[in-house]
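Presented sequentially are two complexes of chain A, the first with chain B as partner and the second with chain C.
Right, the complex of A and B next:
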């Protein structure tokens, strides 16, 4: 009797283990989310990203190859706040995958649990440019938000894959610890430049600037998504001279012509700051991305 | 932890109070005590009930206050918090609709210590309108200068079309789209269909009135077309409005490691102006499309499509024979190049070849276009197109054209296009024309399929 019971239990155990043997397939919209998901999942899930780190995440082509990527996905993690509004909905509609539709457990919008800046108050319309009506979607550039993203991914992974929940939980603790240490380092590196004035191309650095006390006084774009215009550039040069702005920060996918001309006329320096993991092979994960950005920023603010 | 602890505590209080009330309430009845005593007990019960209600309210208020406190003080902590506390707050559905009141409450501490909790953000902006469909209006304003063209007459200036689009989910199984076209000729339903997205076996289905998936150019709305006009082969073979009819379309993806492969089968009522005309209800028009897509490199890809359509030919004044079949076979090729790290360079090369076999016509009519488009700045692109098409009802006559194009995109929502075209219509007419187009869109127009 006892033996029979033990055998049954063994068979049952084997069956359930087999059911969980297949790795969870996680797809993220951006490389940053993929890097954070990787920290949580380790080798327990396969992680891939749709957008590359050197690509403008606002404008991704809706290629059929992404449909194949999404077809078997168990969990889709998105930045939200309409960052992917231009390309994700048609991919989801054609993905033939009901598991990852918004509102299901296979769809995780991590903007739901992070600190969001620049939420417009009052009405928003397109005369203001490509304004994000729900707030600034570049929130992942604050390490505190990276922790919040990590917590949400860990919770969802644990929910979808309970057999590995303990692993995800302990990896989250490990990531938080390492990020905490790294953030102390970055904060110390940037501490002498608290309040330093910079100009950025697009409003991608609000969360980063808030975290480290950098003061963004203007943008190369006259309005979000609108290319530089001569009159705005003229105003910007005036502003930068008055405010003694030391650096112009540009995302790698924007043209350097206007930033360079503005910088040469004001004595500021142009720095290509990477908004995403994988912008170059050297910034392969979230911590390396900040290591590089912070050390380069220190050089131009010095 | 605080919350669950308090909840447990308050539940215990409630339990003992309830027990006490029961005992107090039941005891006097059994004991058959004096009326005055019973009245006194009644009052006690009433008092206790009120006290209980008050306690419940207080407990709820404290629970609320605690959750708010937990949300607004997350960034100011320096020592490691209990992780379970963090999770409870984040996962608590009651707090997920709370908005952290003061955004400045989470100022960075300055010493680099990092132990934030998840902030539960409200996501109900415009919740009252959430079930309204996405609505957009796209205007197509056209200008024309140069030779008069009797084959393709155009006005000097006209708001050719305002397309009103509605889009929303019907239910978990389907998404519906409607495109109304308002033009000087009146308002018509250009397309209106439901797409069933929750079918098994990698299938999707569309039911309604829609453009047939024949080649590429036939499926485009004016604002996704890279040209002001239609290529000669499209307008000549597929009718002025294209293959667009009421019907059912089913497509399936065939997963394989070589290429994205999608097959589509469609059946339509069988009436398309200038092309098909069902003389009886069984004269349907059928269309089949097979598409292959493959990434060549990260920044370039290639698409190949084949199409076949067959229906009953519309009676034509030019043809003695009536009815019979009208068949089309098509091949479309698209090459795209777009470096991911740049937003100011891209290239698209396309070609489409169509053969038309119409009964009552001697021989088959062939036609093709080939076109290229090069983006040379963030908002500018230049292109050309070569056209050649035999006449559908008389393949011995052929038309040819050449076009040069320049497009400027002030923003994602408007485009200004100039096209110079020179067209030779058989040996009857040669026209040199300049076509101008301004497209502008308002509203929540969703992204387009690739």
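Right, the complex of A and C next:
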């Protein structure tokens, strides 16, 4: 009797896990891509991201769960442009999941279909800093690129899971519409500050600045990936005074000491601007991220 | 269970590290040069950074030979500075200075040859979780060669580590054998650090040896205790890391700490003279 019960439970368990497995498993490297994928997939696919929004996506501490997560993934969505080059390749190798190897239909590098800034012309050499030889990987911070990312995810999901293709395509339409409306709001909020000069810590905000007409005149880092040096900081202070720079924008994972000392000597204000969804629980999706960033930016530029 | 297949590679790496480091650790503790592995690893990293500045790729053969060259220079330095009779400068001081200066020099080099931050971190923060079979096998072969070399000359190596004066008196060229010791040691540490990171390699080197000294003085028994402890701690640490989803290397290091604390407590509580000759 007991055995029969146990067997029934086992069969039931197998059935439910099978039903669960039928749902497409999508893993993204960053929370931003997860948020956009979630908009497209709704409840038709399970979405999770490897890096948390408060982590620097250039360097992520790998944990065993990442391997287990990747092992069962049907679709891996990456930012590309070498953003994840420091930690993803060994994880991918050790996950031993053939479905998500680069070049297969389970691997989607969304940088292929977006507008990339700062693509270096000519040869890149090491004296230029941690320059991404393929262009600026922080392209997701432009809503136009978010739409391009969403379209690529929708197409790939439809291809891997044709039974839900109609759902994905209608959800894409819905997301585009909401994002468009939100973008009109953000553009209007930032319109009075068109041409405003700011300094950023890392070159994370090129796409955002271009979209809303913000003028990035300098960086706290002397070269991308290199910590601030005294002479560079001195020149930056001079430049900020000359150009009357109002704000220093810093990603949450960088040290605030140098930005604060620079700001205190120039009358600018330091603002921690979030480059990723999930940097705090309040910015839980792509639109909320921009809502927060835009309203905070307006406060310091005023 | 196929979860096992993900545990088995890090565990194999842990066993290999235990095998060579628990042995080398006995020498290192005997010599009282506890931080020599950090220092040599840092010198090797500096070598790679300099190669990188000179335009060689980080994982290229040329880059490897640069780091090897720097390691040999460090080995020579440590062989020459063992004990200075006149000034009584302890060797540990030299080791610390070499560590600090080569770490700082690497920072300077990096500020000129960037992308550096990430890549230099790569060198010193190997990740035992994502190590591949190919790396494990390559490392095992290298360590087998070093191990065979040490086994062949075990009497000489032990003599110069335990009592250099007696060795000198017995006609052994201590400086030369010291150089061979540090060279083979540097070779091992450089490879280990690349797959497991500085913290973990340090733990594999020192903790088993220290734990064994709680219970026995004989070199053979110390090795046996060290190897057993290293293997057990590797297994438990890796399991814990998967169970609790924690970074694998750091979990093993903390497991080493906990195991040592347990063994020391046992030694104190059991109260009797535990030292086995």
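Everything below uses one rule, namely that the second predicted complex is superposed on the first by the 281 of 302 C-alpha atoms of A that agree within 3 Å, B and C clash if a C-alpha of one lies under 4 Å from a C-alpha of the other, contacts with A are read in each partner's own complex, and residues count from 1 in each chain.
FYI, contacts are C-beta pairs under 8 Å (C-beta built on N, C-alpha and C of every residue); 3 or more make two chains touch, one makes a residue touch a chain.
Just so you know, these numbers come straight off a predicted model, no measurement behind them.
After superposition onto chain A, the partners chain B and chain C occupy overlapping space and clash. Of the two partner chains placed around the shared chain by superposition, chain B is the only one that A:144 touches, whereas chain C remains out of contact.
Of the two partner chains placed around the shared chain by superposition, chain B and chain C are both touched by A:93. Using the contact criterion defined above for the overlaid structures, shared-chain residue A:61 touches chain B and also reaches chain C. In the superposition on chain A, A:225 makes contact with both chain B and chain C. Applying the stated contact rule after C-alpha superposition, one finds that A:134 touches chain B and leaves chain C untouched. More residues of chain A lie in touch with B than with the remaining chain of the pair chain B and chain C. Judged by the touch definition given at the top, the superposed model places A:188 against chain B, while chain C stays out of reach.
In the superposition on the C-alpha atoms of chain A, the part of chain A touched by chain B in one complex and by chain C in the other spans residues 59, 61-65, 67-68, 71, 86, 90, 93-94, 96, 126, 129-130, 225-227. Those residues of chain C whose C-beta lies close enough to touch chain A in the complex are 3, 5-6, 9, 52-53, 55, 110-118, 121-122, 127, 129-132, 241-242, 245-248. Within the complex, the chain A residues that touch chain B are 52, 54-56, 59, 61-65, 67-68, 71, 85-87, 89-90, 93-94, 96, 98, 101, 109, 111-117, 126, 129-130, 133-134, 143-145, 147-148, 151-152, 155, 169, 172-173, 176, 179-180, 183-188, 191, 210-213, 225-227, 252-255.
The residues of chain B lying in touch with chain A in their complex are 75, 83, 86-87, 90-91, 96, 103, 106, 108, 110-121, 123, 125, 172, 175, 195, 197-199, 202-204, 253, 255, 260, 262, 293-295, 298, 301, 303, 336, 338, 340-344, 378-379, 411-413, 442, 446-450.
Considering their complex, residues 58-59, 61-65, 67-68, 71, 86, 90-91, 93-94, 96, 126-131, 223-227, 229 of chain A touch chain C.
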